[in-house]
Each structure stands twice: as C-alpha cells, then as structure tokens.
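After this come two complexes, each holding chain A, first together with chain B and then together with chain C.
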Partner chain A sequence: MNTGWQSRLTSSLFVLPYLISFAAFLLFPIGYGFYISLHEFELLSDSHPFVGFAHYAEIFSPGTYLNSLFVRGLWATVQFVLYSVPLLIAIGLALALLVNALPRKIRSWFRTVYFIPYAVSASVMAVIWLMMYDTNAGLINSMLGKLGIDPIPWLTSEPWVWVALVSTTLWWTIGFNMIIFINALNQVPEDYYEAASIDGAGSWRKFASVTLPSIRPVMLFVMITSTIASFNIYAQPFLLTRGGPGDTSKVLLMNVLDQAFIRKEIGAASAMAILMAVMIMIVSVVQYRLTYGRKEE
Partner chain B sequence: MSSRKLRTLVLIAIAAAVAVVFVLPLVWMLSTSLKNDFEALSGKMNFIPKKPILDNYIDGIKGELMNVPIMRWITNSLSVGAVGTAIVLFIDSLAAYALARLRDLPLRRTLLSMFIASLMIPGVLTFLPMYMEFNAFGLINTYPALVLPYTAGAFGVFLLLQFFSSFPKEIEEAARIDGANKWQVYWKILMPASVSIMVTLGIFTFMGIYNDFVWPLYATTSPEMRTITGGIAMMAQGSYVQAYGKLMAMTTIATIPMLLIFLVGQRSFVKAITQSAVK
Partner chain C sequence: MFKVSSSLTRTFLTLTTAALVLTACGGNDNGGGNAAPSGSQGGSSAAAGGKKTEFLFWTPFSGADGAFMKDIVEKYNASQDSYKINFVIQPNGEYYKQLDVALSAGKDSPDLAIMHVDQIPTYASKGQLQPLDDIAGQSGIVKADYVEAPVQYSTIEDKWYGIPLDIHPLVMYYNKDLFEAAGISGPPTNRAEFEDAVNKLTDKGKGQYGYVVPTLWPQQFIFPTLVWQNGGELWNGTDVAYNSPEAVEMIAWLRGLIDQGISPANVQQDGENTLFLQGKNAIQFNGPWMKSQFDEAGLNYGIAPVPQIGKAKQAVYAGSHSFVIPKNTTDAGVLAGIGDFLKYVAGNSLAWAESGQALASKPMLDSAEFKALPQSSVADSFSYVQFAPNVLNWGTIIEPVWGEINNALLGKKDPQKALDEAVAKSRQAMGK
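Up next, the complex of A and B:
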C-alpha cells in the first residue's frame, strides 16, 4: 500500500502535463497580456517603459486615435452581431424543424448536406465567396442578371456588404446551430406533444407552448455561443472586404490586430484586446441572467 | 392520407431547395477549378466547363501553381493537426482520469473550477501575449508555435471527465485489488473502454486545428511554414485574387482531406458538439 503522500504525488502527476500546458498557454498569457497593456510595448523596440493605465485612458477619451479606432471597430462588430445573431438562431432552429419533419430515411442525408460547409476552413470559405460575390464575374450577379437585375457591388457598397457578410456566415456556420437544435428537439418528451394534442393544440400552439419552453436552455446556449462567435468576427471581413467600403466593415478584432502587427504597438493593442474580451464576457453573463432571471437564486 | 403525403412532398421540395443553396458554392468551386482563368472570369454560368482542364491541379501538385508549395502546406496542416491532436488526447485523458477517479488528488476542486472558468475566456485575451511569448523564445515560424497553443483548451478535459465519471467503479476497484497501479488502470482498463469518446474528441480537435486561421496566419512568416489555411489567405490577399481557376483548384485540394474526415467522422463530430451543449 502506498503511503498517503506518495499516492497524492502520483495522482498529481496525471494532471501535471495538462496543467503545464494550461499554465503556459492560458494562465500566463492572461497575466502577461495585462502586463503588456500597462507598457509602451513596441514590437521592434527593446525598451518598454511603464505607462500605467494610459492606454486604457486613451481608449476612453473621445477624440484620441485609440478611442476612434476602438469605437469605430466596436460599432462595426456590434452591427454584425445585431444582424447575424437573430438569423443564426432563427434559421438554425428553422432548419432543425425542417430536418425533423422529413421522413426518417432521408433525415440524416439532409442534415449532412446542411452541415457540410462547416468542414470548410475560414480561408476556403472566403475565397469561394470572393468569387461568388465578384461584381462582374460572380455567380450571384450572373444569376441576378438572368432575372434582369443589374450587377450589385456586394462587397464594396452599403448595405450590401452586410448582407454579403451575414449570408456568408450563415452558409458557413448555421449547420452547427442546427445540429444542436436537432438534438434538443429530439429530447423533448413525446408525451408533452400528446398531452397538447389531447388539449386540442394545433402545430403552432404546440411549437409555442411545448417546443420553445422545452428547448429554452439550448436556445440560451446557442444565443451565447453565436454572440461570442459573431463578436469575434474577423476572417470574413479580413478576407472578403478588407474592412471596406471605407472602414464600414472594419471590425474590432481587425483594428486590434492592425494596431499590433501593422502599427507594431502591442501595448495599446493589448489594452484594446482586454477591453474587447471583458465586453464579450459581460455580454454572455447578461444574456445568461436575462434568460434565467432570478429563478436560479 | 393524401394530404399528408402532399405535406411530406412539399417539405422534401423545400429541403431540397435549401440543400442546393448549401451545395452550390462548393459545386461552383469544383467547376471553376477545372476552368482556365479566362473562362473562370467570363461571368458565364456554365457549371460544366466548356473545355475542362486539369492543369490547375497538376501545377498545384508540382508546386508550380502560383509558385507556392501547396503540398507542403497541406503536409504542414496535416502534421500539425495530427501532433496537436495526439498531445491533446494524451494529456486531456490523463488529467480527466485524475480529476474523475483519483479522489486524493490535491486541490481537486480548485483545479476543476479553474478549468471550468477557462472555458469562458475569449481567445482574443490570450492571442497577443501568446504571440509575444513565442516571440520571446524565438519560436515564431516554428512547428511548436503551430501546435502548442491548441493543447491548453479545457474542452477535452471536460468531455472525457463526464465519460470517465460514469465509468463503473467496480471494474476499477477489482483491478486495484488485483494489484494494478493507477497508470495500469488508466492505460489497460479506462483507455480501451474509451475508444469511441477519444475518436470523437480526436476528430473535433483535428478539425479545429486544421481549419484554424488567425493564429497560423500570424504565427508563421515564411512560405514553407504556412498551413494551408494561412497560405490560401495570403494568396487571396495577394496578386492572384482574381485567378479564380487556380485559386479554386487550391481550395479544392485544401478541402478534400477535411471533407473526408468530416463525412467519415460525422457521427462522432456531432456527438462532441451536442455534448458541449448539454452542460
């Protein structure tokens, strides 16, 4: 028999490899990022003078460069979140209901087809849609042309740029939400529906009074993950619009990374990144609270 | 009876129309990859190329397509994905085993809540400092930079933890009485029983690494170190932006390995996703 401390030691050894990785690539970067944000940290310079909360102060002072960079990026990001999240939830749920209403034999086939774009990487997704949206040679404008509609400059004019970015995102990621909704729908107990039928409920009533309340926790999960994903949007505007037209779709994460890697000011960029992360976490907590209210307490 | 059949037919028609929307861009990608750049830019809707060519693929495999080493990029992505996945499976299962089964693990509750809390941390918080960390060790543009950051995520630990916790205690106890030590219980009893969940986590992790885009874009600087996602992004930004025939051949090559893994492992993958939502 092992003595107590030996057993505790061998138990610890099992956690150790992951703990090292966790500490090195998660815990340490969080602390180090905060440290960097308190310094004038230029990528190519060796001296990093301490500036305290100066970067944060600048971000919050209207009229400064960092403030306009942050606020304008945030506005673009927020617009994308507002346009995309409701559709990511509604269409994800609609697709799940559609798939579930199909005859059993062909269900999984359609599920797979709707989910396929998810297997494509961000850059492949972007290159495909770059071609689809091409004003002169793109497939979409060619098809619209057949209907007698003039070519639309999808990626270079408002509001089309938002339509394009949101549609692309839906195509690429909606399968994920659909899968989660399908799973949730399948777990609603069958007798709930039977009870509703006996009460004379039609399909719309059943949806509103049985389905929706039953999948509420999953709805919340999808809402939070979709909001976080949309808040982190980067690949679509980076590759499709390069932030254009003008700075319309220059989202917050693009501004953070430009500040770090083009202007080489890692200190200021870190302060922006930290504020962005804090906002994401606040939004998730608020959504959680709004949905669950005070019932949990 | 007949109204029911009609309803089903209408639903199938809708589902099929939606399916076209999802598949069309991928079919168009494949079709364009078989065209020369002139036809690709013609703006005509010919899904079947007038004069199908394989030149874009042949050039791609020879490394002559736009003078970039696509096959090297694919190899990079596959190797980085494989090594990263192996590490994740190994260290996550060890940690999950200890957290789920070894009751005398010191600070067990603290570790657990720390790992849970980490699931809430947005990636943007660690991105820049991680870059600076690798930069300080001179590891930017090396394989460790492309692998290590993915090993810190706590998702796998939790997926396995849930599974290990539900594993019957009796089997484990019987083995301990027979004199098996903790490692033997982990390696000879728990692991063989966990193949399916490990495959699930493996596919999930591999896809995540193979398809990741922002980190490899910044963590590599020289053409031969690029992953396929980072490489394509560079091409799409560069002067080849309208060489659609060539670009589409490249994206098709890039997508094939992932698509195969996705289609074969779809069930496992779906399981990992739904597991993540159950909590």
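Up next, the complex of A and C:
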C-alpha cells in the first residue's frame, strides 16, 4: 500500500537535487550579493562595516562617482538592448522560416551551420571580428575598397560601432533563437494552414494570422531571453572596442567589474549589479504583461 | 518496513549525490589553481628519504611565459633536497581576483606570490604583505644586486616588500627591412630623428606607414612615457595633473602624426599591431611580452629603447614583476625555503629572460648570456624607468583618461578639452 506521505516524500526527493543546486548556486549567491551590497565590502579588509542603503543612495545621487559609472554604463547598455533585441527576434524568426522552407535533405545541414557560432568562445569571436572590422587591414573594408568605397571605421566611430556590435552579436547568438523558433514552427498544426488555404489566404496572410499567433508563447520566451542576454552584454565591447570610441560603448557590466575588481569595492559593485537585475526583471514583467494583455483583447 | 528503509536509502543516495555534485563544484573553484603542481612530475621527490618542506608559489604567467618560470622552479626543486615548491599558474586576467579571494579566505592561499610592483603599495597598506628584510638578510639577498627603481618603489617606510624579478618598460620595435629600404641606418633616439624616420618610412601608395598611432591599449604605457619625457606629471602629489600643457602637447603631437598621414586614422584595438605584423607599420611602441609573437611571425625586427620624444628628459613607463610574501606565511621552515629560492632565482633567472623579459637582477644583467639576447638593449632604459604613481585606486582614477585619449586621437575632441574632461571625471573617482 503506497500511502500518501510516502509518495509525496518520493516525489519530493526527486526534486531535491535540483532544489539544492538552485539554492546553492542561485538563491544563496543572490541573497549574499544583496547582503554584500549593504556593506562597505572590501575584499582585502578584515572589517566590512554595515552601511545600509548608502551605496544605492549614492548611485541615485547625480554628480557622484557611482552615479556617473552607473548612468553612463546603463545608457550604453540600453542603446545596445534597443538596437539588438528587435533584430535578434526578427532575424531569428526569419532564419527559422528560411531553414524550414529548405528541402529536408539540406535542412539539418543549414541548421547546424547557423548554430555553430553559438558554440564559439568569446575570445575566438573577438579574434575573428577584429580581423573583419579592422579599419585599415580588415576584410570588410578591403572588400568595400574593391567597390571603390572608403574604409568605414567600424569600431571607432558612431553609429558604426553599434552596427558592428549588433552584427557580431547576431552572428554569435542568433543560432539559439533560430532553433527555438524552428521548434515552435514545427508545432503549429498543419491543418490550420490547410484551413487558411481553403479560406483563400495567401502566404503573407497565413504567416500573420496563423503562424504568428500560434508561436506567441515562444515569441515571448525569445523576447525575454534575448532582452536578458542583451542587458548582460560584456564580451563584445570589452574585447572589440574596449568601450570606445571614448566611453560610448562602455556598457554597465564593464563598469560593475571595474568597481569590483580594480577598485576592489565589492559592496558598491554588488549594489550596481542588484539594481541591474531589478531593472531586467521589471522589463521582463512588462514584456510579459504586454504580450498577455494583447491576448485578452 | 522494507519500503521505509528503501526510501531512506533513496534519501541517503540523493543526499550523497548532491553532496558529491557540490564538492565537485567546490573543488573546481579553487581547483584551477592546483592544476599545475610541477613537483608531481619530479617523481624523485617522493623517493627521496627526508621530508621536504613544501610551499605554494602563485604566478599570473598563463601565457607563453609560464613555461619559462616552471622551468626555473623545476630546476630549483631538483637542485636541492630540503624544499619543494608547488608551482601554480592562475589565469592572467583573473589573477588579482583569485589572489584577493585566497588572501581574504586565508585558505589555500600562496606562501609566495608574484605581484606587479605598482600593486605592492596597495596590498602592503592593507596589511596583506610582510616585509622581506629579515628573510633577505638571512639568505644573503641584498638590495644593491637589483635595479634601483623597483626596489625603491617597493620599499615603504623603510621596509622592503618586493624582490624584483623583471622590469618591462615600453620599448620600440622597428621593422629592419623597412628601415633598410628607406635608407635609415639605425633606430631613432630623439624627436628629430623619429620624425625624420617616420616621414621617410611612410609610403601611402603602398599603404605603408611610419608609425601607426594606437588609440587604445598600449596608450596605458605610451601616454605616461610621453608626459614624463615632456616634463609633465600624471600626479602632482595631491591631484591628477594630466591636463597640463606638457600632456596636452604630447596628445596633440600624436594626433599630428595622424593628420600628416604618417599614421592612418581610426586605428582600432590592436590595429597598429596587425599592420606591424603585415609589414605595413614600421615602428610600434609596445611591451617586451610582444617579442615572441614577432618571432613566430618571422619578422625581421629590432628592439630599442623608446626615443626621447618629449623636450625635458628621457623617461619611460614600466611595469615589474616582483616576489612578495603574504602575511599569512609564518612557518619558519617555509620562510627559510622562500629565502633560499629567491636567492637561487637571483642567480639563475636567465630562463626567464628567454621569455622576452629583461631581468631585474644586476648580476644577471651583467652576464654575457643576457647581453647576447636581443632584448638586452631594453635594460639600457632601466636607469630612467618610472612606475605608476603610488596612489590608492590609481587604476580607477586614471581610467577616464583612456576613453578621452581615444576621443582625442580619433579626432572627436580637441586634446585640451579631452584631457580637461578626463581630469574632471578622475576627480569624481577620487571623491573630490
């Protein structure tokens, strides 16, 4: 006789490994990060005095060092999010539609090809794209030169620096969104399209009225994960532009890490990181609400 | 009954698995450090009868240079029977992060470590390092055997905190083939010679430039060098001083090279090095660590001290690797071993010079073997090397300068305006 408490215990035990890992690697670090952010926490000092919300207050006081680090970094990050997220979604979906429309035989080959860059490490990505973008010795500019176009300062001038960073990000990460979209497209029942055809819908109409509504939950997922990933941008500007030109592309995470490991003020750095996390959460919730709000119309 | 015990077994298994996962991960965290204990290769150490005193030595040499230091440590381990060094390489970019964590945790922290000389005052002021005077005295290490600049810098309130291993100043690399083709006999040593040379070396038709001006790294070495040469300062004792006329003039001079076409505009990160490797940039100023890259590329290049561009004096910005002993190293046997090793290194560090570095030990610098190395001319500049100003948090104070110099050299801001804004941001970083 399998009594209730025993089966409940058994199923609880199955969750336990995940729960322990979740607590140890996510919940605890977040809590500890918040704890640190309330202290003057210097790694090399023995005393870490409690300062309450002083770091947060400083971040919000115009004219202070932390405020300028945070605001300038945030502006660069937000610009990147605004430029990259729409393209990450649109091009991810476009690639998925394209690959899905290919003959079955070469479909998986192209799927793999587009996904490969996702598996490349940040430093390799940087080496490749530094060679591509180099103003005076790069591949792209030498091809433009053949067409009689003057070299473009990809990494040293606005707006090109954003074009370059977004393009690199698309190349590097678009495979992930594409795979998710391909799975979503495959789950749209074939009879919807048949019904639409009978009603006389063209391919654009089918896409707008059948495909898009059917994949809305996945769209939301991709939107939120892309936004989070873009907020966390670090490797591309750190390795390609070093934050330049000037500090145009010096994103928030670069400033957080400077504060933590050059200035060694982990407390203030944690406060910046926690605020960044809160901001990402708010944006995600807004995106969620907007998507579901539309559904109720 | 059986059921209960079986679910207990399951509980036990689950917990054990979880514990294993956790310890495995924990092990990985500090495990990176223990990846390369060199002693494990010398099987003889286990076979040797007497018990050896072991100590832990941390370095940031995760590049090609790691093998050279490992070689020194292995030879030392084999050379005597009393001590065994456990040699650890931490990833270069993570080094101080790892060191801070190890020092603050006090567990698995190094007994001996390499530290950049300009970090020593910070760590000493936080009480993380111990003075080396006693150990040096006991092992016969004397200050006079080392180049003065790093010894002086690491002597704080009459206590000596760092025994220098090498000094890496900014140096000039030049392409010998291009020099020959342009009819230039030797490396330039002053501004007039430099300007004359880069004019002759520039050939726009061939896409060849005399001196490609980097707009980002290694300006961290170039800018201080030029400012000091021109009689300016980065720090005047109480405040940042890099918007002085001397500093502005040097940035304007660099910008002038771009305007005259001696350097292309809009040079990106590493752009000057790419062109140097392609034989399209005749001269670059960079660190001694670049040497192995040029050797691999098979370039016909020369190394010389950076010419005196500024009008006041010869000067060059440098870094230096030093040995330091953390305060937690208290065991007398270990300290004696460290002294013995440091004395050994002072006389046996030629292997380190083969990595491209110039040594800080005078007996080594004077040796015929070192003088035969191509970078021996680097040591010519040791009488006038300077290190970063000894100011707490200097790295974040000066940080805004690099972005503003970038703006000035990209032609987005006037040099004076750029440096004025850098100073304003730096003052903010100092909390002024």
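Keep in mind that, in the parts below, the second predicted complex is superposed on the first by the 269 of 297 C-alpha atoms of A that agree within 3 Å, B and C clash if a C-alpha of one lies under 4 Å from a C-alpha of the other, contacts with A are read in each partner's own complex, and residues count from 1 in each chain.
Here, a contact is a pair of C-beta atoms (placed from the backbone, for glycine too) under 8 Å apart; a residue touches a chain by one contact, two chains touch by 3 or more.
Bear in mind that the values here come from a model prediction, so they are computed numbers and not experimental data.
Partners chain B and chain C, brought together by superposition on chain A, clash. Of the two partner chains placed around the shared chain by superposition, neither chain B nor chain C is touched by A:197. By the touch criterion stated above, A:214 is placed in contact with neither chain B nor chain C. By the touch criterion stated above, A:128 is placed in contact with chain B alone, chain C being left untouched. Of the two partner chains placed by the overlay, neither chain B nor chain C lies in contact with A:100.
In the superposed pair of complexes, A:10 makes contact with chain B and with chain C alike. Once the two complexes are overlaid on the shared chain, A:143 sits against chain B while remaining clear of chain C.
Of the two partners chain B and chain C, it is B that touches the larger number of chain A residues.
In the superposed model, A:269 makes contact with chain B only, not with chain C.
Judged by the touch definition given at the top, the superposed model places A:79 against neither chain B nor chain C.
By the touch criterion defined above, A:291 lies against neither chain B nor chain C after alignment on the C-alpha atoms of chain A.
Only one of the chain C stretches 45-53, 99-107 or 387-395 carries C-alpha atoms that clash with chain B in the superposed arrangement, namely 99-107. In the superposition on chain A, chain A positions 10, 17, 21, 24-25, 130-131, 134, 136-137, 242, 261 are in contact with chain B in one complex as well as with chain C in the other. Residues 6, 9-10, 13, 16-17, 20-21, 24-25, 42-45, 63-65, 68, 130-131, 133-137, 151, 153-157, 240-247, 250, 258-259, 261-264 of chain A touch chain C in their complex.
The touching residues of chain A, when paired with chain B in their complex, are 4, 7-8, 10-12, 14-15, 17-19, 21-22, 24-26, 28-30, 32-33, 36, 41, 95, 98-99, 101-103, 106, 110, 112-124, 126-132, 134, 136-139, 141-143, 146, 171, 176, 179-180, 183-184, 218, 221-222, 228, 231-232, 234-235, 238-239, 242, 253, 256-257, 260-261, 266, 269-270, 273-274, 276-277, 280-281, 284. Those residues of chain C lying in contact with chain A across their complex are 3-4, 7, 10-11, 14-15, 17-18, 21-22, 25, 96-97, 100-101, 103-104, 122-123, 126, 128, 207, 212, 215-217, 264-271, 274-275, 278, 280, 393, 395-396, 399-400, 402-404, 406-407, 410, 412-413, 425, 428-429, 431. Those residues of chain B lying in contact with chain A across their complex are 8, 11-12, 14-15, 18-19, 21-26, 28-29, 32, 40-45, 87, 90-92, 94-95, 97-99, 102, 104-106, 111, 114-115, 118, 120-133, 148-149, 151-152, 154, 157, 181-182, 186, 207, 210-214, 218, 228-230, 232-233, 235-237, 241-242, 244, 247-248, 250-251, 254-255, 258-259, 261-263, 266, 270, 273-274, 277.
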